[in-house]
Structure formats: C-alpha cells, structure tokens
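Next, two complexes with subunit A in common: one pairs it with subunit B, the other with subunit C.
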Partner chain A sequence: MASTTAAAASQPAAPSLALPPSQFARLQPHAYLLAHLSPPASSQQPSIRANGRAPSQFRVTSANTGSLTHTNGSAVVRVGDTTAVCGVKAEILHTEDIASWSVSHSSSSPSNKRRKLTNPTEKPGEDREDGSKDDEDDDNSYIEDFSLLVPNLSLSTGCAPGFIPGAPPSALAQSLSHQILSLLHSSRLVRAEDLEIWYQRPNFGAEELERHNEGEQMDVDAGPEAEEANLEAREIKAFWVLYIDIMIISLAGNPFDAAWTAVLAALRDTKLPRAWWDVDNETVVCSDLVSEARKLSLRGLPVASSFGVFEADAAAGWRAVVIPDAEEERKLAESERKGIQRRWILADPDGYEEGLTQERVSLVVDKTSNGKVKLLKMEKNGGFAVDRKELKDLVDISARRWDDINQILQRC
Partner chain B sequence: MGGPIAVLHPLDRADGSASYKCPSTGSNILGSVNAPIELPGRRDALKPEEATIEVFVKPGTAPGGVGERYVEGILRTALGRVILGREKGYPRRGVVITLAIVGGESVGRGGSYLPLLPALLHTATLALLSASVPLSVTLSATVLAVNSAGEITREPSAKEVTTATSLHVLAFTSKGHLLLNESEGTFTFDTWDDVYERALAICHGSSTFGSDGDVAMAETTEGQPLDGIVRDTVEDHIHRDYAWKIDAA
Partner chain C sequence: MLKRAELSKSPPKANSANFLKIVDSALAATTAPSFKSLLFDRSRSLKELPAVETCVMTDRRRINGPPGGTRPPVFSSATVTTAERPQRQRQPNELRKIFLKTGLIPSASGSSYLEFEPSASLSAARASPKFITPPSSSLKLACTVHGPKPLPRSATFSPNLVLTTHVKYAPFAARKRKGHIRDASERDLGVHLETALRGVIVAERWPKSGLDITITILEAEDDRWWGDAPDSHDAAWGMMNVLAGCITAASAAISDARIDCLDLVAGGVAAVVADETPDGTAARLMLDTDPAEHQSILSACVVAYMPARDEITELWLKGDNSKAAVGTTDQNLSHEALIDGAVDAARGAHSVLAEAVRESAMRFAGLSSGTA
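Up next, the complex of A and B:
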C-alpha cells in the first residue's frame, strides 16, 4: 500500500488514479491485505497485517468483572473492537421439580451406599478420597442431566451491520451458544458440588452444615457408625442453575474468543449465597450475608485462541485442478521457506480479515500448575493449509496466549 | 465387525442422494442433494460469483436445536471448500444438502455431535457425487476415542464415547490433506499426533508420505481404507447403471 501512495506522490500528473488506502481496502480487500503481508523486497518493509499486527499477535485484551450489580457474577471483556458482556445469574432448581430425580438420585448416589455396605471400617481419609473420586463421576452427570449450566449468546444487539437488532438468533449465534455449552461440559469447568444445596436432618442438636464433605471431616473420632448416620441424614434438596447470558455488543471478528473469555471471567467472579433447606417452610432459604457467600471453585483455566488462514492465491479455492497432493504440498512448503510465502496464519482475525479467510483454527488450551500444556479443544476446518506441523506451532502460540489471559484475569 | 454400508441414489426425486450406515457407531444417515437450484427470495444472500451452500441436519427423534446449527456450520465450511461453486451454472444458485439421522444414538442438549460427524460427511460426499456436483477432491473421515489408559478406539460405540477422555474427528481429502479436525476432551498434542497417524491409516490405508520404502503401515489391521469405500460405492453404482452397455459390448 505504501508503494501505491509513494507512486501517487511522485506522479502528480495522474491524481485520479490514486486512491486513499481506506478506499483501496474496500475495493480490493484481498489485494490490500496481500500487499501488506508481502511488501515488495525493494521497499524494505516488514511483513505486517493491515491492522498493524504481526501474524501471530493477538489484539489488546482487557477484562473487567463485577460490572453488573443484579447478577451473581459478570464480566466485560474487550478483545480489540470485539466486546462481550457476560452475566451469570443463579436460580434455584428444587429436586422435586426434576421429573427423573427420585429415579436417578437413587441410582446415581451409589457412593454413599457402597461406603456403608461394603466398607464400614474405612478410614475417613480414604473415604474422602473415594468420595471425591465419585464426585468427579457424578459431576458431569448432574450438570449435564439436569442442565445446570444454561449459556445463551446474543448477537442481535446491533453489534455489526449484518446483524439486525431484535432479529431471531442467527445460525452463528446458535452455534456459538452450542460451542460454549459443549466446552463447559467437556472442560468440566464448574464443579457440581458447588451447585448442590443440601439438607441435613438435625442430629441431636443443630449441626452446622454447608458442604457435604464437612460431615465426614467432623466425625474423625466418632467412628463409622456416626458417620453413617450423618450420611443418611443428608440429602440434596436443590441445585443452583447458572444462567450464563452473553451479549456481544460490538463484533469485529473472532466472537468465540471474546465470548469464552467473558464466560470465564464471569464465572470466576460468581458468588453464590449460602443456601440451605428450611424444613419448617419447606423451601430453600438463602443467607443475605455477603461474608457467607462463596465463590465457585473452577477446574483450571481453559483459554481459547482462534486463527484464520489467509491465502495469497485468491482463486485457490475454486480452480479445479490446481490442488496439489499433500506430499507435493510439503515439498512446496520446503521451497517456500526461502522464497515467496503463499499463506499466512493470522492470530485473532478481526472482522476485515475474517471476510478474507476461509480456513479457521480454534484451540482451547489449559496449563497445569507444573506448566504442562493440555488441549481441551482443537478445531480446524475449511482448508488444506494447516496440517500437523502448523497445528503444533499454533499450540505453542496458544500456550503463550494462555499466560497473557491468565495475567489479565488475575488482575481483574 | 463389518465395514460401513453405503448406498448411492436411494431417493428418486432428489438430484442426488445416498445412505450410509456405520455398524460400529450405529449411525445411519440418509442424505439428499439438490443442485444447482434457484433459491427463492434470497437475492441479497446469494453470492454473485459462487454457489450458496446450505446444509440441513435433521435429528431422528427431536426437533433440531442449537447443536444442529453447529454441526451444519461445520459441514458447510468443510464441504464449501470441496465443492467447486464457481463452475458454470452454479454462481447465484444454491446447493442444498439435507441429512436425516435415521438411526443411532440421538444427541442430547449440549451433547457431542462428533461420533456422528464422519457418517454425515460421508453421506454428504456420496450424495454430492450422486448429484454430479463438481468437487475438487473427495473426502473420507473417521472418529477416534482415546480412553484414560491412552488406548485409541476406532469408531467407538455409545458406551465407549461416554468413558472416553477425548474424541477426535479427522477428515482427509483424497489427496491426503487434513481438511477437518474436531477434537474435544482433555488430551496432549502427542496423543493427537498418534490419533492423526491412526486416522490417516484408517482413511488411506498406508501412510502416503516418506519415500524410504519401509513406512507402509499394516493395511490389514484397519480393514479396507475408507477412501476406498467411497470409491468402490461409486464404481459399483456406475457398473450397475451401465450394465446394459457392458453386456452389449
């Protein structure tokens, strides 16, 4: 682009042919981005995207939590010009309103029974261990079976010219909602034990109860019988259902990363009031003391990062015979190393770049405490450019992105 | 365990159709393709230089929901790259692909569509071939489950899916490119690398790269490569259609 303007400056005789860069960008978007990414060797300019970023550079991200006062947790996340607002609202679901509860509950709580029947002499320590393992299994079934997490993403806010405010949810909004829900399920981010509301029958004198592990810990010296009685007297009476509503209020490409980061920040901010079953009123009662409310303990911190592939040859997608073999492709890539580049993998594409890329890659990574990278989702679709080697590089880039997002979320 | 059963052109009124049944995952899909057709009342949405591709997925037992919109999006992107929508007669027209899930496990709310995805992709490819829609390459896909012991299961059953730690769907073009990858669950990149090798062997038989000579993988353990099944189905159909001519010759 710089060369065009330079040419225009040196030839004042033909000003009618010179276009300002913004107009050129609209008329010839592909050529415009290509000119930025592969500047002529003579111009001594680095290869850079039209928005001034390096190919693997993400947009400036900021997060702000607790912005909405009427929610249990909320966050506003801005990734460049894409802005997502997320609010988490907790509502109570009584187990008597769950049609399958009496059936599924008796079948899904074998942990208590087994503990009582087969292993009465078990040490409380082991018990805890066993219990937590069972929790892991129960977890998914509770959250998935009873739909305890309900995300919904709305694009009908006038976030971009293509989306009419007040229109029914577009296919994009629906598939993003589904992606967020299935990622919440598959990453098992929220623990079911945080969402359970318990009732403990009074056991000679009022016993303090909040968490269902407490009973086991208290009775270390009371022996297995007391523990048994305790377990028997405990019952799940209700669940918290988390309604996670995401509004994209400004859309400039890559809505998934912004939406997921907003969900993550909002869930980290979510506080649930202390709730218990009041047997006299036969209802769940919540404490209004802020000091008694507790935060969710999330499993890990899955961070999403998306990429788009820009191809120099705009016709690559529709010419019948030009697609080379995978093998030829590799040789081509080798020779390309020195010479001219054909395709660029652009991190965090903005709206302009999204219109020019067909192939998308979306990764969700998490890091364990010892710095090991786990993948939670890896999607690649719509092209032939990204293969094994490229994906490996992208995983490394996503791991670096994890560090950034981790810092941003720690700060807010 | 037998290989998948594919039938070309089971429906008379559609331009092209196919049914595909995978015995190990239990999925059974019926697909139809109408192309090129005029899409009514959609002048603004029609692209002036290429075909508009529409994919509809109909679940067997429930009305479609957000999960279907998502899998439709995946299929549209993958097939959009394969269909030559700029050939003569296709710009401004539509390619409408309808896939009905006839049998197999139904997908619940927020459930994973991955076990069904290869069958949907195969059905769509065969139906497109049957409708003579110009394609740049054909594709073959497989689903693999990795359990907590690190064992890789090819085309897992519903039970194996629930116990798996990660699920992977990989689709390869007939020229060996990775066209689509969808992985979910917890895994490392090394696990995925093994899955990739296995999937390539399933779809293409032997490994297609490396000229050292001794990299050819055991084709027999994986049965017939899926790429070959797509090819054979079409060959058989053509052979039947032209039986009169072959007999006359």
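Up next, the complex of A and C:
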C-alpha cells in the first residue's frame, strides 16, 4: 500500500525515474494503471487507461466469416489482440442411436395415435394446436436432452505462455466451454426445428383411414382429416448435431466475449444441406447443392460484454472478501464527494488489466426490433463494488456495444 | 457399427452408480464387450491406465456430443456425379502463392500465420458456390513460439536448447472431424518438424532452456479428391503439404522470436503424379501438388532445406515411383529428380519466408527505437 502511493506520487517526477514505461508497467502494474487513471490535477491529462482507451471503451473488433472450407460455418473474430476462430461442423444423429428416443417417444406417440384412432370425431384443429405447443416445449428439451449443440473451446493452441499444448483443457477452457454451452441453451439461440430431419411416410395408410372414416360418417370434411393423417405420418428420423469448436489463437484478455462473438458469427454463417430419410438405405442422405441448403434462423443476437473493476486500493484484492466495511464505504463516498475517483469499471479488460481486477461483470444483452434491450445473462463475481446503479449503467454500455457488434456482423 | 448399436441400448443419461449397474447387467448377459472393457478400466488404479482410458478421462473435461455417436453427412449420388475433379491450372513447376505474416500473437515470443493461395477451382467455388462439398482446400495454420525459457526444475540438465514441437489439427480442419486428442499422424508431424528444426537452431547458445513450438492447423490439405474412392495405395499425401507449411511457418516464428539460426529453413513438396491424359497415363513431376487435383500420386517428397548452406535438414519420401521411372526410362522421374524438385519448391517458399522475416525485423527495429 505504502509503496503504491509512493509510486503514484513519484509519477509526476517521471524524468527522475530511469525506467522506461514498459518496464515500470511490469514492475508496478497496479501503480502504473492507477497513475494513468488518476493523473495528478496539475498534469492536465485526462483519465485514461494504460492502453489508451476510455474506461467504457471496447477494443477494436473485427470479424470475418466463411473462410474455412471444411466447415458448415466459420468465423474469425479479433477483439484487440485476442483472436478466436470458430468452426461449426454438422453431423447427423439418427434417432435410432438415441437410447432414450424409443422409450420417450414411441411410448407417447402410440398412445397419441390410439387416442386419435378411437376418437376420430375429435376436432383436428385443437389437436394440432396441442402439437405445435408441444413442439415449442420440445424445442429446448431436444437440444438439451440429446446435446445437439456441442461447443468446445481450446486454449492449448500456444495462445499464451501459461497453457501447455497437448495437456487436457485447463480450468479456464473448461469453464469457458460450459459458459458458452449454457448461454446457447438459455438464450435459445438455435431453433430445434432447424436441426430436425423429418420423414414423411408415403400416404397409403392415410387413404385407407379416410375411406374407413367415410364409411363410418359420411360428412366429415376429408381435407383436414387427410392432413391430420399426414401429420401423423411424419416423424423425426434424425437430428443435426452442431459441433462448435472454438480455437483461441491469441489470448490477450477477455476470451469469453471474443469466443461468444465468434460462435455467434459462425452460427449466422452456418448452412445445413437439405437432408432426407432414404427408406431403401435406411439412412439420412443429404443434397450437395448449395441452392437447396438453408441457413439457420437464429433467435435474436445475444451480445456479450465483460467488465472488470479496478480498485485504487491495491490491497483490495488481497483482503478476504467479507461484508463491505461500513467505514471504508463511508471513506469512498467521501472521496467521491471530493471528486476523487477510487474505483473504475473497465470495459473489455485486456490481459494486463485482467490481472489487476478482482471483480468481474459479464452481461449478455439482446435488442428487439423496436429497440428494447433484453437482458439474457448477468454474471457478477469477486466483489461488492458494482451495485444496482452501476449495473444499470453497464447495461446501457452493453446496449451500445450491441449496436457495434450488430454492425460488425452485418458487414461480414 | 456393431459397437454403436450396442451402445445405443443403454440410457445415455445414467449417472455413474446407475451406469455401473447397467454395465453389470450387460456383463451378466455377456452381450456387450465394449462395456466390459470400460468397467475393467475403471476398476484399475490411475497409474496403469492405458491410452484408451485417458481418452475417456479427458473427455470428461470437454463437452461431449450425443453418447450414441453421430455420423458425418452422406451426400446423395444424384448430385455427386455432376461434380468434377478440380484441374491443376498451374505449370508443373509453378508454386501456389504463400501468405506468411509474423507477430500476430503478441503474448508469444514469436508467431506466424501461413496460408496457401486457394487453388483455381476452390476460388471459383468460393466465388459462386454450387456444391456444399468444396472441391479442394488450402492450408491455413498458425504457429507460436514460446521461449527460450528455463526448463522446469524436474528436468535433467541439458547443455542445449530443448526443442518441443506440437502440431494439432483443429477439429474442423479436415473433411472428417478430428478428435481433441492428438492422434498418431499429428504426433508424427511433430517429430518430423522437430528434426527439421533441430538442425537449424544454434542450440548450444541456450543451455538449460526450453523452446515450445506449437502449430494449430485450421485447415488442412486433402489426401485425395473427395469424389475418389479410398484406394489401397493412397496414403496421407495431404500431410506432406502440411509438413512443408509447418516447417516454413515455424522457421518464420523462430526468427520472429529472435532465436539464432544457421539459416532460414523452408519446406517444399514435389510429387510424381500419374494423370490420365487422352493418350494414356503419363507420369510427371510436379512441384507443390494439391492432392485433390490428381488422380493418383505415385510418390512424393518433402524437404526442409537451407538455401544459403545448401543443406537438407529433413527429408521425407513416400511412395514408389520405380514403375514410372522404368516405364519411361526418364531420368526426370528418379528419386534424385524428386528430391531436387522438392528443393526447388523450398527455394520458392524461402523467398516468401525471407520477406516475412525482413518485415518482422523491421517491426522489431521500429519497436526498439520507439521505446529507447
């Protein structure tokens, strides 16, 4: 503590300091960043981060999609010096390979069928409504139950010195993979209906049924009835499974935002070939024509933005995290009143800043077409500094970030 | 196929206790040999775990796909027949353009990114895509160098720089999805790369230190055209192009890390190919072959070559061209000619490499003058 204040104090007398800035940054990282953020009033310099950004400024972001040949969709996203490459590869999961499929679905559908058969006078419209509702419910459960989205993030690409290539995924890589997976599930970004491969049974049975019905009751409208039978004859034969692999090629802080943006861009780029069930071969066959392939229709555009909280008190990170000290809070409030800032919320921290911040906030927001901001995920850990008021500000900043990312993704 | 069918009989989401119970019942029925091995491995202590078990263990740290496994898409033959094998548009001694850039990864002491120019067919397919399956692919890889750094305490004394190379394909790099764990071919590439570089680095300047070279392949070369049936005599030809790219990229990254070398080592590939022409099959020597463009490759050679010293640090020759050489009594198809061809290709790559290293040096000079 004493040394940092001394260093901060000695900053104005920079000429006497024989160290070049880069070395000073390495030796006294905290004091270095603090000196940048709270320059002495006499120096007339604005408060700015060591990397030249304003506290709420994100790094320059660029994205490029569709450059990898062997993928269904791919993207390279650079956020400053952090680079993430994401490739989506689609494979097919036959329902016969799903162990629980026959249990959960064949048991439910026959009962359904039986009900319909025994009670042909039932209004078909009602039933279909039910069915569609079921679909909506199934939507998430299909993707989650059968793990149709498989994101994996790899850091062992030599992206930073700490990660040994060839070693099993580090704790950070595992946690990032799971964060991406849970965000994919909770944001419901991918629609299950895009991943379903249906089979329409040829309509022999339906005609028979129709004739049978006609015999029973003459005036039943045959049109919807046939359609109903058609619906019944349709069944899901397979699913597309999207393997979403993210390679962090270069790591310089905030890997989550870069990785998520890469996933988003790659999924927007993903094209699935037209696929159908081939009865003779008893397998799913795809069409090779690009004209028949279709893109995924994603739900919205969730954009992630992360923040770190930098405390002027260098010891703040060392102290055990306990209930915030009333005394200290009072002091902070007082200094706030005096116009001395003791705490900075830094958007998109780079690797240097990440080592100096304890408290992290991660937000995922989406904007509806009428400009309403939807909050999809909010995660905060490591401290007490960010309160309701600050979070509100951060949501605003994230909403602005959404506009930027939206533009960047539209362009590529 | 059999294994998959058996696996699918078990509920996928069983927790471990449940799972073991199911395994037991499966054992009692003695129908599932795959389960038996699984159970057997689990009961072992950690030390004597075989390679298979480590796969299972590391996979727990990743997000796994459906437990029943998935199948790569199969394309209908109705459309496939209309696709044509890409044709080589270059002269036999003309190389593809190489994009090589250093210093893209600031946290590493040296780094480089290498990309081959897409072949004519691929760039045409990119411009106006008709088929989902691309006709061929072009190499893209990133290389990082970390070090020289002190060896870990546990390591024995070494008077020289200890070189570690690591080559990994991204899961989406090839036509077939690659696993997360290095397979035999990736290890093989790593060893080849190490021999290529060990002869170049002046290792005795850094006693007791280590140097890690990591290469991530984002897009690999094909081994053959995808429309061809897998053949008995075809080998991993694409791997040789990948190795040549790895050598060139690693050389650039090592110079970017300012490690003393004897020379800039560059990789080059040449191959004897047999294409069917209107007047019979003709064997020809080609530089920098894209395996997708040729019907069959008889033999191929990759070298790591130092032009200034005229030395080869690594030579890898694969295939059998005796038949072609005998048939034509042509000296141009001998092994020597093949090696010379590869060396010529390496010379071509060297010019690109020298340019990239010059750029890196300029940047370093600018940087050091800026801070001083």
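Here is the rule we use: the second predicted complex is superposed on the first by the 327 of 412 C-alpha atoms of A that agree within 3 Å, B and C clash if a C-alpha of one lies under 4 Å from a C-alpha of the other, contacts with A are read in each partner's own complex, and residues count from 1 in each chain.
Following the convention adopted for this analysis, a residue touches a chain if its C-beta (ideal position, glycine included) is under 8 Å from a C-beta of that chain, and two chains touch if they have at least 3 such contacts.
Quick caveat, the model's predicted, so the values are computed rather than measured.
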Let's test your reading of the overlay: on subunit A, do subunit B and subunit C clash or fit side by side? fit
On the A-aligned overlay, A:77 touches which partner chain: subunit B = first, subunit C = second, or both, or neither? neither
Tell me which partner A:378 touches in the superposition: subunit B (first), subunit C (second), both or neither. first
Once the shared chain is lined up, is A:186 touching subunit B (first), subunit C (second), both, or neither of them? first
Touch check for A:397: first (subunit B), second (subunit C), both, or neither? neither
Please indicate which partner A:22 is in contact with in the superposed arrangement: first for subunit B, second for subunit C, both, or neither. second
Given the touch rule stated above, what does A:177 touch, subunit B (first), subunit C (second), both, or neither? both
One more residue to check, A:147. First (subunit B), second (subunit C), both or neither? both
Which partner does A:263 contact after superposing on A: first (subunit B), second (subunit C), both, neither? neither
Give the label of whichever partner, subunit B or subunit C, reaches more residues of subunit A. C
With both complexes overlaid on chain A, what's the closest CA-to-CA approach of subunit B to subunit C, in Å? 5
Counting contacts the way the document defines them, which residues of subunit A are shared by the two interfaces, the one with subunit B and the one with subunit C? 147, 174, 177-178, 181
For the subunit C and subunit A complex, residues of the former touching the latter: 4, 7-13, 57-58, 61-76, 79-80, 83, 104-108, 111, 122, 129-134, 136-138, 140, 142-146, 149, 166, 168, 170-175, 177, 180, 182, 212-216, 218-220, 371-372
Partner subunit B, residues of subunit A touching it in the complex: 144, 147, 171-172, 174-175, 177-179, 181-187, 317-318, 320, 323-327, 329-330, 358-360, 372-384, 386-388, 391-392, 395
Of subunit B, residues touching subunit A in the complex: 50, 66-67, 69-70, 72-74, 77-78, 80-81, 84-87, 108-112, 134, 136-137, 173, 175-189, 192-193, 196, 208-209
Under the stated contact criterion, what part of subunit A meets subunit C in this complex? 20, 22, 67-71, 74, 81, 83, 85, 87-94, 96-100, 103, 145-148, 150-152, 154, 156-161, 165-166, 168-169, 174, 177-178, 181, 241, 243, 245, 247, 249-252, 271, 273, 275, 278, 283-291, 293, 351
